[in-house]
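Take a look at the structures listed below.
Okay, so subunit A shows up in both of these, paired with subunit B first and subunit C after.
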Partner chain A sequence: MKRIVIHEEHCIGCRLCEVHCLVQHSCSRDIIKAFRAERDTIMPRVLVEENGPVSFALQCRQCPEPSCIEACISGAMHRDERTGAVVCDETKCVGCWMCIMVCPSGSIRQNLAGTRIASKCDLCYGAEIPACVAHCPNEALTYEEVP
Partner chain B sequence: MALSLVTPNFIVERDETRCIACQVCVRQCANDVHEYDSDTDRVRSNDLNCVGCHRCVTLCPTRALRVRTNPLEFRPHANWTAQHITNIYRQAESGGMLLTGMGCDQPFRIYWDHMVLNASQVTNPSIDPLREPMELKTFLGAKPERLALKAGAEGPEVETEFGPQLELEVPIMFSAMSYGSISYNACLSLARAAKAAGTYYNTGEGGLHPDLYEYGPHTIAQVASGRFGVHLEYLNTAAALEIKIGQGAKPGIGGHLPGEKVTHDISRTRMIPEGTDAISPAPHHDIYSIEDLRQLIYALKEATHYTKPVSVKVAAVHNIAPIASGIVRAGADIVAIDGLRGGTGAAPTMIRNNVGLPIELALAAVDQRLREEGIRHRASLVVAGSIRNSADVVKAIALGADAVYIATAALVALGCHLCQRCYTGKCNWGIATQDPYLTKRLNPDIGERRLVNLLRAWALEIKEMMGGMGINSIESLRGNRDHLRGVGLNQVELDALGIKAAGY
Partner chain C sequence: MRIVIIGNSAAAVGAIEAIRQYDQSAEILVISEEPHCIYSRPLLSHYLGGEIDKARLAYRGSDFYARHHAKPMLNTRIVAISPADHTVRTASGQVLHYDKLLLATGGVPIVPPIPGLETAGVFTFTRLDEALGILHHLESHPVQRAVVVGGGMIGIKATDALLKRGLPVSMVELAPRILSTALDDTASRLLTRLLQDHGVEVLTENTVTAIHSQDGHIAAVELRDGRSLPCQLLVLGIGVRPNAGLAQAAGLQVNRGVVVDGHMRTSDPDIYAAGDVAEAYDLVVDLNRTVAIWPNAYRQGAIAGAHMVGVPRADEGGIAMNTVEVCGVPAMSIGQGNAEGPEYEVLTELDAPRNLYKRLVLKGDRLVGVILVGNINRAGIYTGLIRNKIDVSACRKNLLSERLSLLSLPDQYRKHIVTGAGIEV
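Right, the complex of A and B next:
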């Protein structure tokens, strides 16, 4: 399957990936409405980590054998059959945060803004190019077939 | 502290109905124009710091930003323009020289825009470059006096031995920009693009970074007055050598790379201590005559066993024709001339704006003089100093150039917005800076792609223009001034350019 590849050396820390991830996961899909009206209920699923000039955008690594699926007590965390992405079924998630405890890359976060559910990258529901990749101005994120 | 009389050059307009306070502008501005106020959850802008580089405007995801020239007007005065007044305010405060970057921004006549090209109609056929071969290949270097042929097994063979030549797929090279004045990623973009497009880039006088040695066959290594980074391996790795005497943006002036920019990597490449100012003297201290220049040219030729052409780069100045003649007679294989509008990383504003000649006039004078002296074949002529598009290239070649150097155009392809603040080291586009936060902004993969695209696009246009003139080889265009006519020029200018007026 295709994965998002991080190129740390090209990340400029602008956080446009976060902005567009948030818009992609908003109800309106409109950047201004998403930030004005929905800001309290949604959050980006990619996070730019920074230390001095070093920065990179981190989202779920889509592990081949995901610890989060194994650790999930409610069966909410599962692999989507259509897209192959590891996603959280928000109707089943009980907010025990075990997935967060076991995630090796720290890319699952508590969505405390809206409902108490685990928030993570879903590769934009099988989109041809995920929003963070499509909007990275410096090609610091690429979407590639990785063996 | 006394009140500063300097007012902002630009006004940053933020459309509050569009701004989502995502702070991309805050993070992207190295000049600290934008500031996030968490109390109000709004972003504010300090116009005074804005240099007009458009980084924030380009990256704003909602297009909420506009940068406009500050409409602040002084009482109209034809002599005392706002520029002169504010320059005096600045100098009265600083007591220093005014500094600037890039090329001359004054409204001197741009002769390219007063020359028009020819095209074939009825009496001679035009050529369709999509259907017929069109040759842009160019060889730079000394050409022999005459060509001797001998009978070979498969027909005639050339007997004459040629000196070392540079082979160009397009008659366009990337002009000298040193590692130090521009970032490593900018150098790498140029080197990779030169290799991919079959042309050359120039190291400037900053030496050659060890990682760029693999691009040696597409590198012109410069030897300038500071002799930074010059050693035998450097000379032998390059495809050609260039002695830099002067630069169009600042003829007669040396260079000064401030110590803050001399990072570990640059200090190694330049072979100077880390953090020390890299000062290039105005003259070469061993060149005070054509004879001295000849000694250096032959020293370089000896060092490289006569395998590489040696270029001499000079700024276009008043007596450029005899100077070029002297350079050719001193043994240079290539003469590079940089005009008034040529760019720089830093120059005193008064020098940049007032010293030198427009390249069009210098080129015409030099080509004419070398022809009259019968030595035009002994050196190739490369011109620089604001070649802005493919038509400028065609006009330059028709005026007598063998190839052109582009630097400003190459940087613009990499994202430069000509804000003219290269000397501050805060280039928001990651080009003229060594700040690790900023240099990352230029991804060399993107840079290479954009430069190769630019050369490809220009090559297509050059072929189209040549085809229109009924010419299928760039060789037939070279020095073919019959294909040029002047529009709106007086007789003195037409004579200097060696072209007829339009209509004749």
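Right, the complex of A and C next:
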């Protein structure tokens, strides 16, 4: 399975990954409409961590034995059969935040707009290259087959 | 090989999924005394509160058994295990052979010996049939007030659900404060005040001593302090004890729960136990103990299932943790969050008007417990520090920050988390 690999030494903290993740997960798929009209209901599933000169873009690490799947009480958190990615079925999620309690990288977030759901990276549902990787200007994120 | 699983909840599902990850040939038989397909017990309060419909209680799809080539035997109660013959016997006298047996029998609700328990309108709250009973009772009887016995996790979830139904609720708790096993005094007081602000009558150091009925239906309860509370619904949400009767009768080693090793094997090498019935290793307290929580049940089931088909999984043990939402404010307790004593160092931050509270418990250089109220963002970072027994002496000043991030953590550990096993930078 391919995973997103983080190269913190290349990250310049531009947050383009966050911008394009949000657009990718918007209804309009349009950068202006996504930020003007949909910003309150959607959020990026990648988060740039920054402290002084160090920064990197963090999204779900796709753990081999994911704690979030173990802890999920609704069955929403699961491994997508087609892509192998750990994803949240937002129609099943009840927003109990068990996954947030156990995710060691802290890469699942509360989306409290509308129905409460756990918001996380879905590797852009089988896209050849996830949006954050595709739009990183400095190859601080790469998409690689990792054993 | 035939694997028999007694039980049909998180531990059973964990086992079935792990078995099929490694083995397609073993026969799997799932025996449950309940008539329902796999449903989520923690979602019952969401269902009772009207947040989700009955269909969403399904923890796995209706095709789960078929897809995993597992045969369900629902509505079937096992009355005896014979480890010598490798058989189990059902209530109707059927004898079933097993090669490997998993006890995933869960817990049974603790019911105090109160006179009048058989009265209509008295329920426990751990099974779907009980939740359906409460809903039916609410539809068929005028209920002006409900009383919930128990200020622990189950009692709070029942109270919150009944509040969402618009019912006035009185909560009766024996201990001096609610959620006393998970929270410290400050967190407990915050949640108590929230409940009170939403109209809940919280009665601590008190309990129900008698149930009074009128025409066969509950009309009032009598409290230890002599008061009488008129009510038309009583929910007993005190907690659960391990459902270990079968194991005990079969001669397995049982303390509070069924004693298991790191692979979830009981004292009989072909019988495993997982979930609320099992007394498994807790890595924070460094002891075997029963911790009735969903993530442990699933994980233990998976460890047992894998081991049954010859795949020993390394298990570092479980951590007691839970999350509950009270009147819209989330609260979490992870590990020894409410620990007190000279061997612990406690860091706290309280903003009571905003319902924000954080309590971190350190023992030496390690984090051993956390309580969070209000802001639960990135709580799993704490869980990771506890689980991985990370030396936090260099970063302890960062741990209370409202903006906790991976960059607050020791470099080596951060890199391990960010890159994952095998591809460390």
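Note that in this section the second predicted complex is superposed on the first by the 146 of 147 C-alpha atoms of A that agree within 3 Å, B and C clash if a C-alpha of one lies under 4 Å from a C-alpha of the other, contacts with A are read in each partner's own complex, and residues count from 1 in each chain.
As a convention for this text, contacts are C-beta pairs under 8 Å (C-beta built on N, C-alpha and C of every residue); 3 or more make two chains touch, one makes a residue touch a chain.
These figures come from a predicted structure and were not determined experimentally.
By the touch criterion defined above, A:E90 reaches neither subunit B nor subunit C. Contacts of A:G13 after superposition on the shared chain: subunit B is touched, whereas subunit C is not.
Of the two partner chains placed around the shared chain by superposition, subunit B is the only one that A:P53 touches, whereas subunit C remains out of contact. In the superposed model, A:N138 makes contact with subunit B only, not with subunit C.
With both structures placed on the common chain, the touch criterion links A:R109 to subunit C but leaves subunit B unconnected. When the two complexes are superposed, the chain touching more residues of subunit A, out of subunit B and subunit C, is C.
In the superposed model, A:E70 makes contact with subunit C only, not with subunit B.
No residue of subunit A touches both subunit B in one complex and subunit C in the other.
On the side of subunit A, the complex with subunit C involves touching residues 3, 5-8, 49-51, 54, 56, 58, 61-64, 67, 70-71, 73-75, 92, 94, 96-106, 108-110, 146-147.
Those residues of subunit A whose C-beta lies close enough to touch subunit B in the complex are 9-16, 19-20, 31-32, 35-36, 52-53, 135, 137-140. Residues of subunit C that touch subunit A in their complex: 14, 40, 42-43, 46, 51-52, 56, 58-60, 294-295, 298-299, 302, 321, 323, 325, 330, 332, 334, 376-381, 383-384, 387-388, 404-408, 417-423, 425.
Of all residues in subunit B, only 17-18, 20-24, 27-28, 59, 61-62, 430, 435-437, 440-441, 443, 445-446 touch subunit A in the complex they form.
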